[in-house]
Amino acid sequence: MRLPLALGVLAALAVAAPAIAQDTLKIGAPQPMTGPDAPFGDKFKKAYGLAAEEINAAGGINGRKLEVIIDDHQAKNPLAATVAEKLITQQKVLVLTGGRASGQAVEIASVAQRLKTPYMVDHPSADIITAKGFEWVFRNNPTGSIYPMAFNNFISEVPGAMPKSTAVVYDNTVFGKTIANSAMTFLKSRNVPIVADEAYPVNSLDFKPVMTKVKATNPDYLLLIAVATTDAILLTRHAKEIGVTPRAIVGFGGGFGVEDFAKELSQLADNVYSSAAWSGNPNDAATQAFYNKFHAKYGIYPKEHEVEGYAAIYIIADALKRATLTGKIEEDREAVRQALLKTELTTVFGKLKFGNWAGPLGDQYTNQNIYSPEHSVLAQWRGGKLLNVWPKANAEVAYVFPDPTLKR
Amino acid sequence: METLIQSLVSGVLTGSLYAMIGVGLTVVFGVMRIINMAHGDLVMLGMYGAFWAHVGARVDPFLSIVVWMPLMFLFGMAIHRFLLRKVVLGGELNTLLYTAGLSLFIANLALFVWTGDYRTIKLSYAVMPLRPFDIAVPIPLAISFGLAIVITVALYWLLARTDMGRAIRATSQDAEAAALMGVNVERTATITFGLGTALAGGAGVLLAPSLYLYPTVGEILVAKCFVIVVLGGLGSVPGAIAGGILLGIIESLGAVYVSVAYKDLIGFVIFLLVLLLRPAGLFGVGKS
Amino acid sequence: MAMLRLEEVRVAYGKVQALWGVSLEVGESEIVALVGANGAGKTTTLKTVSGLLRAQSGSIVFEGERLDALSPGEIVRRGIVHVPEGRKLFPEMTVFDNLLMGGYLAAPLARRQRLDRVFAVFPRLQERMRQLAGTLSGGEQQMLAIGRGLMAGPRLLMLDEPSLGLAPILVEEMFRVVGEINRDRVTVLLVEQNTQHALALAHRGVVMESGRVAIAGRSRDLLADETVRKAYLGL
Amino acid sequence: MTRGLVALAIVALFAVPWLVTNTFFMHLAIMVLMWTALGAAWNLLGGFAGQVSFGHAAFLGVGAYATMIFHLKLGLAPWYGLVLGGVIGALVSLPIGFICFRLRGPYFSLATLAVAEIIRIIAINWETLTDGPVGMLITTLPELRVLGQPVDWESKTPFYVMIATIVVAVIGATWAITRLRFGAYLLAIREDPDSAEAVGIDTVRTNVTALALSAFFTALTGGFYAIYFRYIDPDAVFSIALSVEMVFIAVVGGLATAAGPLIGAVFLVTLAEVFRERFQVWHLIFYGLFMMLTIRYLPEGIWGRIGLLLGRRG
């Protein structure tokens, strides 16, 4: 009795859904536009907007306009699945991107796989997303376990840099856990003792107690892993306040590489390392051009997230151009998937080719960018600027090691 | 030894601010028998107050407390007068859910107005901590600690020595008897809610320079509030003070000597044990 | 001319009718004993006078002024003070603070004078001034309840079961104090289970039964009437 | 007459997959039923016994994790895990009940909140069992034949039938309770626990039974969540927000009514979707406002108010 009524309401809603011109090619992007992760959703929205605008201005996809439909999942997993489902079945998008955090991305990947729609992951880093054999899921950015590779190379290749002991502090999320596992696995293989292995709940507000504990172990290296920028800032601040004095503090996660990090910490940020998925080489002309365009449009300089989002739209556009589209949505999605499989491209993020290979922790990846290990860069904060220091080929300046500011 | 002292110092400093948040919640519970789920969001408003004073008006965030506490007092009275007064009559469950809705409303309105960006207050005079006896004492936290003590003493004086304070305590112990003394119970409730809101806002102002702020920070704080007020005995002001400092110490020692991952668990387990074994709170005077 | 007059007052708790049209009068400087079995409506009557309960119909007039629409605070301001059953002290406040609460509406000067008078009547309270009310003995708590009532400067004092739970020797003391208060020209409306004692002290008595006034008259006459004693007083 | 209507409603309920072809609407219908089951399960304890639990996400999470763990670690097909998960949820609720029911009113609510948080923290950290924050993912559901036909896990129908069955079971249980002496006991405890005890009702045992029943259905629905979404992580299935939402659905629908949670879920799921669609950033603001308005002006819930109006008219 009541259910048909409810369904009537639902039907009325669906009819009221905004009508979209038939000849546009639609990309669906579930992102957190409200709730705690809203600032990140906004970064991606800006990046997608700029990319789509440029592509459309340059003639679109073989004459057809590109449209990115962002739908809000509030950083809630079930809602991410709902949104993905809605984009695929209601909005009839050809391909998905976005997701923001790994938990939501796994839901989206699962839906995309079932409903046979390509999902081009732009930022979520959990290995599980491309390690479960989902042939409809593609990823440009490195997986979590690849993040520490530049750091691993640095300590292996620089004479005397191999840690005598290491403290690892990471957030208790997929992100923190994966990177910590990867880093610790490598360190253990080099017989480096892990003197502190501390997982903190995300948004802890107070890291003085952890740092007190870390200080008591007197580590040679301090590795900090944070998915949230604020945690990155507070971890560093509290480590220095309590007086932890390792030879180097190395941060993993976007937060250690954003402008806010230096702005908030001022001199406390000096000489902190950031091992990130992408640190952008400002000397590269294409990167320069992108920086300037982005700043001209939005008044801010892009970072990791914006670069990833911007690149994602170009990757998808490239595949759409090569795919033969018939207007039958199922066939078109398969065509886009086939085109993505053949992608060979260099974006502002770096080189890209999807492939199946084994990750550093033994995961079997499918459709994971085979150049991911090369994207890992070690950078260091110098007087408010983040400069690449390793690998040597990408270095903008020479590294400062050990960190002189940490010795009392 | 140094580690132990350092953890105790950190615990007490943070705990003093927890105490202030807890006191605000507990006076409201005492008088109205409601648990205000939006209390953490009121703290958040105070944090933004300090932030905007600092960034917008270039006023020292600590100084801005003299503006924000009275404003939050009025705001709290308005919330009670126009929103809560009638709902409270509907019973505990309704009030609880109503304030949960209020919390959602305030937090998301803040999200809309201020965006979800994380913000921090950077004080030029407080980059590196003081180091008496090689123990790190961050300057903003030390200032907050001092102000929290001043505010708490003032509150104590208000409750112990003024007619208004006596009326609040009397209402919280026996509302009907207080009415027979000529106390306007409803007005007292309005004032008390204003007081609780002012304390929450004040605590927010004091917290802001040491932490970071974002519109949904209240979620994290509200769970801590519950632990604090139950440790001390719901409705008891001295209990909430002791409970706040105790929680600060538990978190600090737990993180150092057990594990950061389990420090919240320790807090909740102690919370449960207190609920079961000493429902009047650890410090005796609360009611069961 | 009666100081307090109730006419046809009806009160209900939800669907349960408690008072079915109660009419009674209290004269200036009188002690009136309100007696009757449990559930007869004595406490309800007091609560209605003091404004804690609202009458559905009927009128309550105090010195020519209607009380039925006033708040408890406004009623206290007019000199009607209700010392409730079970004392209802503020257990976690000191004796001193409890007394100050009694004088909540009074001016500071009046408060100090009344405090002196209360301490004169109950010297024990002065000794225990800093103690928490919840830690007092039963007798002391009752003294404090009455003392707190006196702090409001009552012209009509309504006492609900002041002798309840007290040892016999303290009951004597209690009735002595009530008499003493009355000698200071304070009108007293006394609800008591201890019928014999209450009527012996009071000028007039009102007997209630099932939410109605059964009989009223001079207490001497009520005590003397054998049928009243048997039917209503259980003596 | 009533019996006929109920039968008709059940037939209509199970006919939906054959009438609605749009998969997104089917998804929303499944969401509505999932929330109905959760609201109704919560209602068994919160509505009838008046024990307001703010920790029911614990049971949902336990059910979801049990289903996943049995499947991924022990190879048990998830539909068996789902039922087992329900039983485990009920078992977990027993010690919780014996602990928390020594408390009343807000103290009980706070205790359940604490228990749920404790279980969440354990789930995050006990990695050997739960895989910690990484979460658990089922990539493909094993083959199942019903009446010789293979079940098509890519369509919505099997999930719809599954959750509709759970809803009928939990609403049926609610309806049965309102007719049994057990229901009268619960209401007596809600109205006045002291008097209930005085007339010889074992309040703790009665409450624990209600909690176990409530936990069973919540955990069962949690198992369904795991199978339907195929991915769970501790923050998603143990969150406080989930617990609050269950309470809210029961309250909006009408406490201690059999049909209330269905009304509440229909209302809130559609409302949330409309708000999300129409108001974008504003939608949680409106949602909060709506929550406040409902409690202020419809404290007895939508179905409760309808019941009152009908009662008054008749």
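Each chain carries a letter (A, B, C and D) given by its place in the written order, and its residues are counted from 1.
Note that contacts are C-beta pairs under 8 Å (C-beta built on N, C-alpha and C of every residue); 3 or more make two chains touch, one makes a residue touch a chain.
Predicted model only: the values in this text are computed from it and were never measured.
Chemist: Tell me, which chains sit next to both chain A and chain C?
Modeler: Common contact partners of chain A and chain C, which must touch each of the two, are B.
Chemist: Taking CA centroids for every chain, report which one is farthest away from chain A.
Modeler: Of all chains, C has its centre farthest from that of chain A.
Chemist: Can you tell me which chain is nearest the middle of the complex, judged by mean CA position?
Modeler: Closest chain centre to the overall C-alpha centroid: B.
Chemist: Quick one: report the Å distance separating chain A from chain D, using the average Cα coordinate of each chain.
Modeler: Here chain A and chain D have centroids separated by 35 Å.
Chemist: How big is the gap, in whole Å, between where the Cα atoms of chain B centre and where those of chain C centre?
Modeler: The computed centroid separation for chain B versus chain C comes out at 42 Å.
Chemist: Please compute the C-alpha centroid of chain B, do the same for chain D, then give the distance between them in whole Å.
Modeler: 33
Chemist: Do you know which chain D residues sit against two or more other chains?
Modeler: Within chain D, the residues that touch at least two other chains are 121, 124-125, 281, 284.
Chemist: Would you please write down the residue numbers of chain A that are in contact with two or more other chains?
Modeler: 34-35, 38, 172, 199, 201
Chemist: Give me the residue numbers in chain B that touch at least two other chains, ranges are fine.
Modeler: 108, 111, 261, 264
Chemist: Go ahead and list every pair of chains that touch.
Modeler: Chain pairs that touch: A-B, A-D, B-C, B-D.
Chemist: In the complex of these two chains, what residues of chain B are touching chain D?
Modeler: 29, 33, 35, 83, 86-87, 90, 92-94, 96-98, 100-109, 111-112, 219, 223, 226-227, 230, 234, 261-262, 264-265, 268-269, 271-272, 275-276, 279
Chemist: Going by the contact rule set out above, which residues of chain D touch chain B in the complex?
Modeler: My answer: residues 46, 52, 99, 102-103, 105-107, 109-111, 113-115, 117-118, 121-122, 124-125, 240, 244, 247-248, 251, 281-282, 284-285, 287-292, 295-296, 299.
Chemist: In the complex of these two chains, what residues of chain C are touching chain B?
Modeler: 50-52, 71-73, 76-77, 81-82, 84, 88-93, 97, 100-102, 104-105, 148, 152
Chemist: List the residues on chain A that touch chain B in their complex, please.
Modeler: 34-39, 42, 169, 172, 198-201, 203-206, 208-210, 212-213, 215-216, 228-230, 233-234, 240-243, 260, 263-264, 266-268
Chemist: What residues of chain B sit close enough to touch chain A in their complex?
Modeler: Within the complex, chain B contacts chain A at residues 3, 6-7, 10-11, 14, 108, 111, 115-118, 120, 122, 127-129, 131, 136, 138, 211-212, 214, 216, 220, 251-257, 259-261, 263-264.
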